[in-house]
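So that you can tell them apart, the chains are marked A, B, C, D and E in the order they are listed, and the count of residues begins at 1 in each.
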Amino acid sequence: MALQENQAKILILATEDCAYPGANAVGQAHMSYPENTYVLRVRAPVMFPEHFYLDCFKKGIYGIIIMSCGVECPYEGAYQALAARVDKVYAMMREEGLDPRRLRLTGVCTVCTKAFVKEVNQMNQLISELGPPGAESKKAA
Amino acid sequence: MADDNKDKKATSEQKVGVYVCHCGGNISDHVAVEEVCKNAEKIPGVVKVQNDVFMCSDPGQELIMEDIKNGTVDRVVVASCAPDLHSSTFRNAIQRAGGNPYIYEHANIREQVSWVHHGDQATNKATRLVAAAAAKARELQPLEPFKVDAKRHVTVIGGGIAGLKSALDLARKGLDVALIDKSPFLGGWTAKWDRAFPTDDPVSELVTALAGEVLNSEKITVYTCSRITAFEGFIGNFKLTLTQAPPESDAYEDEIKRLSDSGKGFGEFVPLAGICPAGIPETTTTHDIETGAIVLATGFLPYAPRYGEYRYGESKEVITLPELIRIMAENRQKGVGDTLEINDRKIRSVAMIHCVGSRQIPGIHEPDAKGNLNEYCSRTCCSATLHAASMIRNNHPKTRVFDFYRDIRTYGRGQEELYEEASDSKVVFFRFEADAPPEVTRNTGSGDFPLNIKVKDTLTFDEELEMPVDLVVLAVGMEPGNISDLVEMMKLPVGVDGFLQEVHPKLRPVEIAQSGVLLAGTCQAPFDMGETCSAASGAAAKASAILGKGYVELDPFVAEVDLNKCLGTGTCVNACIVEGALSLVEMDVDGEKVKRAQVNPALCTGCGACVAVCPENAINVKGWTLKQYEDMVDMIVSDRILPSQTA
Amino acid sequence: MYNPKYIIDVLADNIRKTRNPFGAGNGTVNKWWKGSDLPSNGDAMLFTGLMYQLMPFIKKTTVQIERFEDTKMADYVWLQKYVPKLMVKLGYIFMADKKDKKASNHILKSMVKLLVKSNVNLFYRPKLDYYSGILLYDLGDNEGFIEHAEFVANKLKENGIKKIITVDPHTTYALKVLYPKYTGIEFDVKTYFELIDFEARDGNSQVTLHDPCFYGRYLELSDKPRKILDRFGIDHVDVRNSGKFTHCCGGPAESISPSLTKEILSKRYGSLQETGKPILAMCPVCLGNLQKIDADVEDLSVFLAQYAN
Amino acid sequence: MSTEKIEFDALVVGGGIAGLQAALDLADQDFKVAIVEKDASIGGKMIRLSKVFPTLDCASCITTPKMSAAAHHPNVTSFTYCELQTLKKTGGEITARVTQKPRFVDEIKCIGCRQCEYNCPVYVPDEEQGGFAARKAIYIPFSNAIPQVALMDVENCTLCGKCAKVCPTQAVDYFQKPRDFTLTAKTVVIATGFELTPLRDKQQYGYGEIENVITALQMERLLAPHGPYNRVIRPSDGMEPDSIAFIQCAGSRDKSMGVSYCSRVCCMYAIKQAMLLSGAVPMADIAIYYMDIRAFGKGYEQFFQNAKAMGVEFIKGKVATIDPGENGTVKLQYEVQGAQGGVTTAEHDLVVLSLGMVAGWNPENACSVGTGSDAFIKTIQPKIAPTLTDMEGVFVAGVAAGPKDIVDTIVEAGAAAMEASNYLTRLTRKLAA
Amino acid sequence: MTQVYPEFADELEGFGVNTTMDCFNCGTCAAICPLIYEHFPRKMIRYAQIGAKDRILENYEDLWRCLHCGLCIQTCPREADPGDLILGLRRFVVDHWRRT
């Protein structure tokens, strides 16, 4: 179940070469998915520093999916750097009491419509279990 | 590069215009466009909101152009379909109205809203996406594509048919070309062949056709006996040093002898050697070349069988296919008899063995001294072998030919016919599995044949067959040429097979990661002559597209350093994924010599790897700054535009 | 399986001596024309090649030899060397069923009826109607075949025969393809159904054609009978393996291995049966074989002749 | 588009991957290029594929950017749904007579919103999906088609009028007629590609009419991420196949079909499909029946060996007959070659015919460009200038000059563009002199 | 161990066979043959290609199983006329008998 549009927002960072056209392909196929998703077009998600993700959660974003081109990344070496950074962000999230599953790194290509919808649904499922960012640490405590 | 954004205005002063499209119901059936417009008026920085049934139509575009022309807006957001469909339409419209095309941002409310969501939530999401786009738009700066002057000159390394073809194409296009070969000859391995399959063209004609025009072209300077000894620069502006020197004493001995024996002059084709354009230098000289692009046409080396591989080296009766070709070419000049002869020895039967040094399998084949296996198929040897086999049968009907193969790979046009022709001329085929290759032994049985071949033939129900032969010919494959000096100097990418590695076999098949350096022919992979020339022309096409205008126009979306913030930590330089795109340079700041980051926009790909690591946020990719993303997120979560809804 | 060596020897011997594979005189076998008033001169000569006439004899003979195949008896030299010769010599006199002989004659008469109805100016000379020798060719005795072919071709040539109408695929192939190749003598050869040319209407019948290998593949004549059926309004339901891809009835192996013939025949009959329609054959070998397995089959000529009234 | 003469520097016949690449390479050198494409969308055969060997990247991801680059390039004009009638050369100018087939939808008015398609009541098997899924009688050919313009399939249209009623731009035009127009150019690149070998002379394979025998292009659709079923099932009953067989040389190296040449791509695409299948139906057994495996290109042999290592079974032998078996299975008859071999019948749930390529266009009545005995465009200097045809100023790229894989096609398209560009340069110099 | 005798193909030309070497051993003929008998007729063709005369003479009976139905000739991808080759081999064997 999707949460209310304004309540629980999912941010999707989609690469302009692969995942962003993939998200459009979902539209072209007139498939449907919850509307709490906001797709931001990026050249390469490697540009975001660790604090960007943490800030997003602080601002009230419930979940972030980085949809990259994976190993087919047009910027050679960028994907590896991104993957390493995401690992660091996970560690920082744990420290801050955030469930690291709120951030997901995945590959979506220009025709991966099913993969896109699946990712969105899974994240929705997760955040409806976890509640707002930070809620999990309260629960644990 | 001059920093043209130094006195940029405070962002709050930008005037954003928002234009919302109905898309003839495609959007407006699910998104309340009027409501989106009403909400958009509340977005900070937005000074004007309009809507139209079709924003992409001429009347729609007019709305934007009017507002730009009379100064009402200076940043534009269109909310409509996916950006790849029409952002160029709107950028062009802005440009026609006298604006800079990069002040434009797109909100995708069709593919990502009206086609996937319905009802109030669709309208709300559309509003937020418009707000986010407007926030990004406020931070947009006018940009100009980055231009670097480019030398209308290309350096082609390698004087085989790939190099000749590339050089010729480029010269015909009007570019200046330096053609470099390390040997005294042009024509490469093609010149050392006899006839091309499947057309049966004499290679002398092919090489002469290309080299003749090359040598006559005013646009092409040929440097033989030359090597690149220094390399620097980037696309459009490479600097090379080449050293021309007499060849080492034992190098090209055979070819040079053929040249002097033939009585042919410079510029004439010498069989099995090539065309020597200008003799052999006596002294060593160096030349500096400024060049806009480099075409690598460094070719291949035939596989040299190990000592003892099918008795190669142990028995003089075991030779390679290129050696056989050479013998047959020489024989032809003497006239041919019923039986093939080698050194007056009559060859009554020949065994030809395929896949020698190709399609090697770990665990079955022995790796070379460096531990490498040639796991690839060399692509040309099947056809070359069959062509030679038919030639033997046709010219020497009393010489029998046995052919041992794993798979016959006559894939190309006219090549299956070669296979048929070989069958027709009564070549006998045998098929072996990789783990049970034919066995070559000294013949101890009857007859005066020196060798004996034994094979478990899968075509004959795995029976062991045996035949005595006078000659064994190994169809050797191709190996990468020895260009380790260039690889190291130019940081060329090498694939697992040892050949040079293209960026992507389909998207950019003749390019390598380094801009301005192109691949032509067998330095990339085994090819036949036609395919080599195709690749060579493809590389020439790319080079002339790059240099045709005299300048190289580069994407403006490159990294930019804010010198007010940069502290010269060098973190960004370490994070940069393209060597040379970012560096620390010494500069004068307030009378102090300090190190600061500097971007080479010709090399920067705009990936943003540097952005993430700068502790001062002093570096950003133009048009895609971190602040813009942060502002967009703020708008997405903001309650200012849409009142928070309680669940 | 019988040793081909002896069979070839017997056949070659018979043919050399009597011009007939069974060692009988042609006149004894070829009696169908008696009583019909076929002209002995005209435009094109009917040349039956005696295949249809020999079928009743073959049928009986094979029943006998089948009993011995793959038994110890088969190995007895006397059986291989002498019995076939003996048996067939006796066979044509004693063993051929009267009913079968009548059926064969009826087929040939039907063909004549069709040709007459089509206004073909044909004639017949029983003395010039020889066995073609095709079996020798098929069995690999080229020398024997060529000797016989030259004999027959020269006879025809000497008698000024130019146009020939054939009635079965094997003879057609021999005269049309093999004679020119091996004797250098050419005739204008047409098989009878190529000459059928009259109108008829039947909106109801449905048949399944079994193409003989020689018509389907070697001579590529399969579309000819189908066109006639179309013209007559008769629906032909073809099995998948028809025309160029027709499947052998097994007949040609008869003289070597009747059991092999049986195996192949039952396979072919299985697929023909699937259509559930009456089968039409165009070759005496196919016809005889299919009859042996009790198929609902008749000769194309007999079927078509009912429209020639 | 007007009916007047339209002038270009270069005309590219065919908007598949070869044509697009050649057009883009010429346009990037500032020549004005026209693409004439017979289908309703550019993209050719490649846009219909799933993933492509040897890199296994998705075909759309490579084709779509080239399609949109061509569509948005200021120097490229695409004429889709247009048939080239004749090419005539007078002096340095080549005149092309082209017929635009009626879409019954106004190209300029249509905004690609698909309202017509959604409201059309007629369902027709969708050839773009291998006939497995349905489309409407008025439709956009496929999701990423360029242009995004609908066309009407008049043969199936019931003239109910719903599409015209819902169209927001009044683009539906039931009375549209074929329209002839003329283009002029100085050079032409022929990139007319291929069709699959017809099975007409292969009765032993059931004319391709056995339900669970499909063509390799149909398998591409089953494997494509946006395919008809979104998974691999066999057509007869929707069952997930437990065993799948590929029959190589089903339309190549077979004189009995009139195709004596090797089609060059079938070995590799079969191996690729086998690999994709082992991901899509992990439990299925996959067998490839072959004569010679022709994995000759860069990385191809390694690809083949990987497939072997993954458990794809390679059986040396040409399948002779294909027959329907019980419960939808397919029976193959072939000779096993080894010592313990002999004629064998194998049963599979789904069989893929690796059909070859035949020439996509016959220039005979259109221009003086010659063809080889294989019916592909003849090239006069195959060794040193492989894109030259026997008509001066006319070049050829890709499969139009003989079967070729995508990698070789793209490289050759670049070469054709280079030759055409140099021809144009020479021509201008000649005119200037 | 079988010795290869490539001259046999020339010898067979005397028996009207000139397609001995045209076969590329795909196996279509064997699989399409109504006899469905191990490797027939390819086995004989292969023996002819490598000149294994003895094998042909030893297995002569197989040659006479052929129905001369022509299905292999029709479907041979290389137009190698397998059926005609079998006929030719019959002639070779008959000739051999008559000479010995």
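The definition used in the following text is that contacts are C-beta pairs under 8 Å (C-beta built on N, C-alpha and C of every residue); 3 or more make two chains touch, one makes a residue touch a chain.
As the structure is a prediction and not an experimental result, all values here were calculated from the model.
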Original post:
Looking at the contacts, which chains touch subunit B and subunit E alike?
Top reply: D
**OP:** Find the chain most remote from subunit E, comparing centres computed as mean CA coordinates.
**Re:** A
Subject >> Chain closest to the assembly centre - both centres taken as Cα means >> reply: D
Original post:
Taking each chain's centre as the mean of its Cα atoms, which chain lies farthest from subunit D?
Top reply: C
Subject >> Pair joined by more contacting C-beta pairs (A-B or C-E) >> reply: A-B
Subject >> Between subunit A and subunit D, centroid-to-centroid distance (C-alpha), Å >> reply: 37
**OP:** Give, as an integer number of Å, the spacing between the C-alpha centres of subunit D and subunit B.
**Re:** 25
**OP:** Report, in whole Å, the distance between the mean C-alpha point of subunit A and the mean C-alpha point of subunit E.
**Re:** 69
Subject >> Separation of subunit A from subunit C, taking each centre as the mean of its C-alpha atoms, in whole Å >> reply: 81
Original post:
Which residue numbers or ranges of subunit D touch two or more of the other chains?
Top reply: 57, 204, 253, 337, 341
Original post:
Going by the touch rule set out above, which residues of subunit C reach two or more other chains?
Top reply: 244-245
Original post:
Which parts of subunit A, given as residue numbers and ranges, touch two or more other chains?
Top reply: 21, 28
Subject >> Listing of all chain pairs that touch each other, if any do >> reply: A-B, A-D, B-D, B-E, C-D, C-E, D-E
**OP:** Would you tell me which residues of subunit B are touching subunit D in their complex?
**Re:** 23-26, 53-54, 56, 84-85, 88, 161, 165, 169, 172-174, 196, 199, 201, 206, 209-210, 358-359, 361, 375-377, 379, 407-417, 420, 458-459, 461-463, 495, 497, 499, 504-507, 509-510, 524-526, 529-531, 533-542, 544-545, 548-549
Original post:
So in the complex, which bits of subunit D are touching subunit A?
Top reply: 57-58, 60-61, 64, 143-144, 224-226, 230
Subject >> subunit E - residues contacting subunit D, complex >> reply: 24-33, 36-39, 42, 74-79
Subject >> Contacting residues of subunit E [partner subunit C, same complex] >> reply: 15-16, 34-35, 60-61, 63-65, 67-71, 73-75, 87, 89-91, 93-94, 97
Subject >> Contacting residues of subunit C [partner subunit D, same complex] >> reply: 240-241, 243-245
